[in-house]
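Shared between the two complexes below is subunit A, which has subunit B as its partner in the first and subunit C in the second.
On to the complex of A and B.
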């Protein structure tokens, strides 16, 4: 009896599914299931050390919003860090991209220079900065002393610690956003800018009225990526300040780690992680919906 | 059809997540017996790999490896994996390993989180296995040395290090400043915290980049080790013996904190928080350390020695750091781990460990055993700064809610590390921050 073969469309379909199966299975086991497990943990009082647990319903969330003395400070710190990072990072990346996207001599060297911190080990990067930011012996304050300025305790004062962490992270990652924006700038039709110049527009007007609107989708993408990364900041906080001084740099991701692995409250830490997930999701959703208002050009 | 498929995928994910989250036992079914159900008489002959976590140096790991090789002569089926974890991350990484089912079988445990781990049921009760073991001879350990690891009739750890804190000093800098060394001041009965502050200032005033004192850890992340010895000597402290009352806002504790603050911001004789200066650089007069650290001075080019902690208005209050060997309840090899613990901390091997760690065993604790294994150390310093201090030493503070107290109090103590701080107000705030956890 002749075997019936599958129609070609079904075969194509099957082939497509087989190609994405490894990625999809990996996503299920290593992303989706752990996320769902964390949500389930958030409704438990779970002992990290012994693995014992019991259902406590919404008690973790109730404690978070009504009794945790640090929660609202942590959220404020996280939002301050995120917005500070986005504003500094994106504006600096755009500035650098506008200068370096042109094909002139030396541009490749400077693009490499600004991108090199991106590929540097975070631990090495932070270690070097922790030496540079020492209040007495650090390079920054030694230089300021030469010009007659008494530098602050960059990592030891509540007023400067958050700014210092934001600055270090901006310099580490701005190169990545710069490269993305350079790619977008190269796609801007040159004749549009030429036409604007013919009509009498100066450089600033060309940037504001032509170039930025044309690359607005990419700017939105950069902001979203930077926002997601900033809300998950952990390594810089852990290595530089451990949340101090006086919890001024205690952000949500580090607080989740602290609750989970230092106080062993894995259930409560899971509830905090769920809140972090919802905050990032909410902010991303908000930005995505606001694109209709300020992204002028979408392909 | 597509919606049905999506529903099935999502339902499968929920089921997998619930199976995953059900891993671990229900709160009512914590095992009270060793996981493998064996007793010390029934140590298995099956191949066993014991994972042992510690924060030690390469020299410490080498010594433990040597001891484990001797154990393997009579237990060839047992292999060992010694996992070194930096002490600053030790507790959190241990917790991560336990949570990730990559649990160690046994390892070292610090004094500060000890009560919390005991209370959580993470450690095996060793009493049934050791109390009647004549070879191990538990009575060789004093009650005070075991007090931190004892809860009722249960015994959760055996100390391998009961190590007094002392002041290690750069003798060359003291000579350059025209000062008696701390050992000489101690011999004259003049070694007080005020003398300590004066000496630190004199060394700083040499003006050649030298500074009086550098702390063992980053001050802002571990202020306890700097403040507790001084507060205790002044008659104050962190909290009382049963952990129910804060002592940081007593006049004595405030006076002690004021001494340290003045050294930092008036005399400028202590390396400030976030500054990175090492004692081995030869530019620092003094540091507060323990015996196991002294091996790192092997290659320094200056003369050094060590002396007991200074005394205060409330007398001499030695402070002891203690660490124990524990067996984790999550271990699938508890019987084998307990058997190795008995071997590791028997009299013979305790004598070997004493080259780095002052032992709690009375039969081993004498200057001779430390001197024999540390021929470069001054025997008189060993006697005065280590042996004589252990007997009356107070272990560094521990509490069931230590990690929560630490988070709460450090946020207040961070305000101490600025010039012009209102010390009494800050110490009061520290007690207020600690209060919710003290009555647990």
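On to the complex of A and C.
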């Protein structure tokens, strides 16, 4: 009886807050507090094993930008990894999508096939590849030897390691982008392409002048999703190269782990984590705005 | 221009189709071959997996690797660990995300936009950002080397936020008429959510369930950091543990264990491919 007399607005407030309570309390404990802590730690010299710490102001940051012999290498590797990944992933995804979105026999079968690594665990996928890519006795090089090619040490040479990591990751994840692009391609009005065909445009022209511009927003979205995802490469790096050889695959996410749990410098690792956080935060808001504008038509 | 347009037409139709399928099959090799190699290597002897020339099928089928996989470490136990952790995480995420996703979509409450943007900030946050304080908190509570952090952090932390977004996106597009009618009939928010909203949300709920289960089943970083006891390991961590006394990987045993871990997921995927693919397309925030 008493509840009925509460005004609707108050009821709404109460219900809303109760409904989001589990998520929000969790957010405070496992996201907000940890992020604040990471920011605070980043101004400390703190050791994981001994538990000792002291305030050192901006020393971690100034060390990062001026003294750390690895940091710029990490930045360069991360950029190289992200851009290499985006170019290979998105162009392959687009290529596959353009073929497989058609209503031809067997297209669904191939879609399933190209998607299957996406559901496979990264660890399993990476272990199989690291088995196949060993230098001398590795499967790939054994097959290459059959046709008279001496394969390189795919994961053990500075020239090939990063490329191999990118390749393994692209094959693993390209199916997801392919599916998103296929969905977009199915929404391209058919009569538009037909009309261009009647006017004498060939397939390539139709793709370049009509289809690509129509799905450009989705392509952009896919690029940003891939970019954000590329920040999260821990499993691949850890199990394929552990950042080597000669740090040629040392990227930011792995470097945070390395500093925190292998050298126990959690103060400095926190400063690195703050950098990672800011990059991803900026990209997330960029993506959200685009998605709102172009992809989901919310009321 | 006319020439380039007519050139492909010169080839007969069946030949162009043939080229297309041939090309697709060649392209499929790097996607399929790892599965093939993983499965066949697990039946080979240690000698044969490095044999030259390489053998596409085992010369003789050996099942010892599968037995060794279970005797070398408690793989059966680790399998069960992964199973129950993933199920617990999935159940928890479904409850938390459907509740808050519904509230964000339908209920007008104070601070809704503020809370929403706050959540949004963690939508795609890599776990590396918060892993240090989370580890220290769990250590303080005495929960390291237990499964507690592997269950509660994915449910309540940044990992579950994508599910809330999916649920919100779904509820926002749902027509309001039924809910309005129920409101007039005097049903409260809980009643509307439970009796009307939730029963209509089977598709997004199953999408959330599929993706959450796979994420948890495949998770590597958190178990690596929190667990030290082999009996408490989850599968991905266990797979990296087939190392002999000299530090060299026991490849054939490892491939056998990897096959056992990948097989149920692949079978499920093949049986429910449409739904799995749609779930990923719906979430489309991971990649």
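Operating definition for what follows: the second predicted complex is superposed on the first by the 245 of 299 C-alpha atoms of A that agree within 3 Å, B and C clash if a C-alpha of one lies under 4 Å from a C-alpha of the other, contacts with A are read in each partner's own complex, and residues count from 1 in each chain.
By definition in this document, a residue touches a chain if its C-beta (ideal position, glycine included) is under 8 Å from a C-beta of that chain, and two chains touch if they have at least 3 such contacts.
No experiment lies behind these values; they were computed from the predicted model shown.
Chemist: Just subunit B (first), just subunit C (second), both, or neither: which does A:239 touch?
Modeler: Only subunit C; A:239 stays clear of subunit B.
Chemist: First (subunit B), second (subunit C), both or neither: which does A:33 touch?
Modeler: A:33: touches subunit B and subunit C.
Chemist: In the overlaid three-chain picture, which partner chain does A:52 touch, first (subunit B) or second (subunit C), both, or neither?
Modeler: In the superposition, A:52 contacts subunit B only.
Chemist: More residues of subunit A are touched by which partner: subunit B or subunit C?
Modeler: Between subunit B and subunit C, the winner on subunit A residue contacts is C.
Chemist: Should A:290 be classified as contacting the first partner (subunit B), the second (subunit C), both, or neither?
Modeler: Touch partners of A:290: none, neither subunit B nor subunit C.
Chemist: Which partner does A:110 reach: the first (subunit B), the second (subunit C), both, or neither?
Modeler: After superposing on A, A:110 lies in contact with subunit C but is clear of subunit B.
Chemist: Once the shared chain is lined up, is A:149 touching subunit B (first), subunit C (second), both, or neither of them?
Modeler: After superposition on chain A, A:149 lies in contact with neither partner.
Chemist: Between subunit B (first) and subunit C (second), which does A:131 come into contact with in this model arrangement: first, second, both, or neither?
Modeler: In the superposition, A:131 contacts both subunit B and subunit C.
Chemist: Taking the superposition on A as described, I'd like to know which of subunit B and subunit C A:192 touches: first, second, both or neither.
Modeler: Once the two structures are laid over each other on A, A:192 reaches no partner at all.
Chemist: Overlap the subunit B and subunit C contact sets on subunit A and report the shared residues.
Modeler: 29, 32-34, 37, 41, 131, 137, 257, 260-261, 266
Chemist: Okay, in this complex, where on subunit A does subunit B touch?
Modeler: Touch residues, subunit A against subunit B: 28-29, 32-34, 36-37, 39-41, 44-54, 69-70, 130-131, 133-137, 153-158, 242-247, 257-258, 260-264, 266.
Chemist: Along subunit A, where are the residues that touch subunit C in the complex?
Modeler: Per the stated touch rule, the residues are 3, 9, 11-17, 19-20, 22-27, 29-35, 37-38, 41, 96, 99, 106, 110-125, 127-129, 131-132, 137, 139, 142-143, 145-146, 167, 171, 173, 175-177, 179-180, 183, 200, 202-203, 222, 225-226, 228-229, 231-232, 234-235, 238-239, 253, 256-257, 260-261, 266, 269-270, 273, 276-277, 280-281, 283-285, 287-288, 296, 298-299.
Chemist: Hey, which residues of subunit B end up touching subunit A in the complex?
Modeler: Against subunit A, the touching part of subunit B is residues 9, 13-14, 16-18, 20-21, 23-27, 29-30, 91-93, 95-96, 98-99, 116-117, 120-122, 220-221, 272-277, 329-330, 403-404, 407-408, 410-412, 414-415, 417-418.
Chemist: Using the touch rule from the top, collect the residues of subunit C that touch subunit A in their complex.
Modeler: Residues 1-2, 4-5, 8, 20-21, 24, 27-28, 30-32, 34-35, 37-38, 41, 50, 52-54, 95-97, 99-100, 102-104, 107-110, 112, 115, 118-134, 136-137, 152-153, 155-158, 160-161, 164, 169, 172-173, 188-190, 193, 214, 217-218, 220-221, 224-225, 235-236, 239-240, 249, 251, 254-255, 258, 261-262, 265-266, 269-270, 273, 276-277, 280-281, 284-287.
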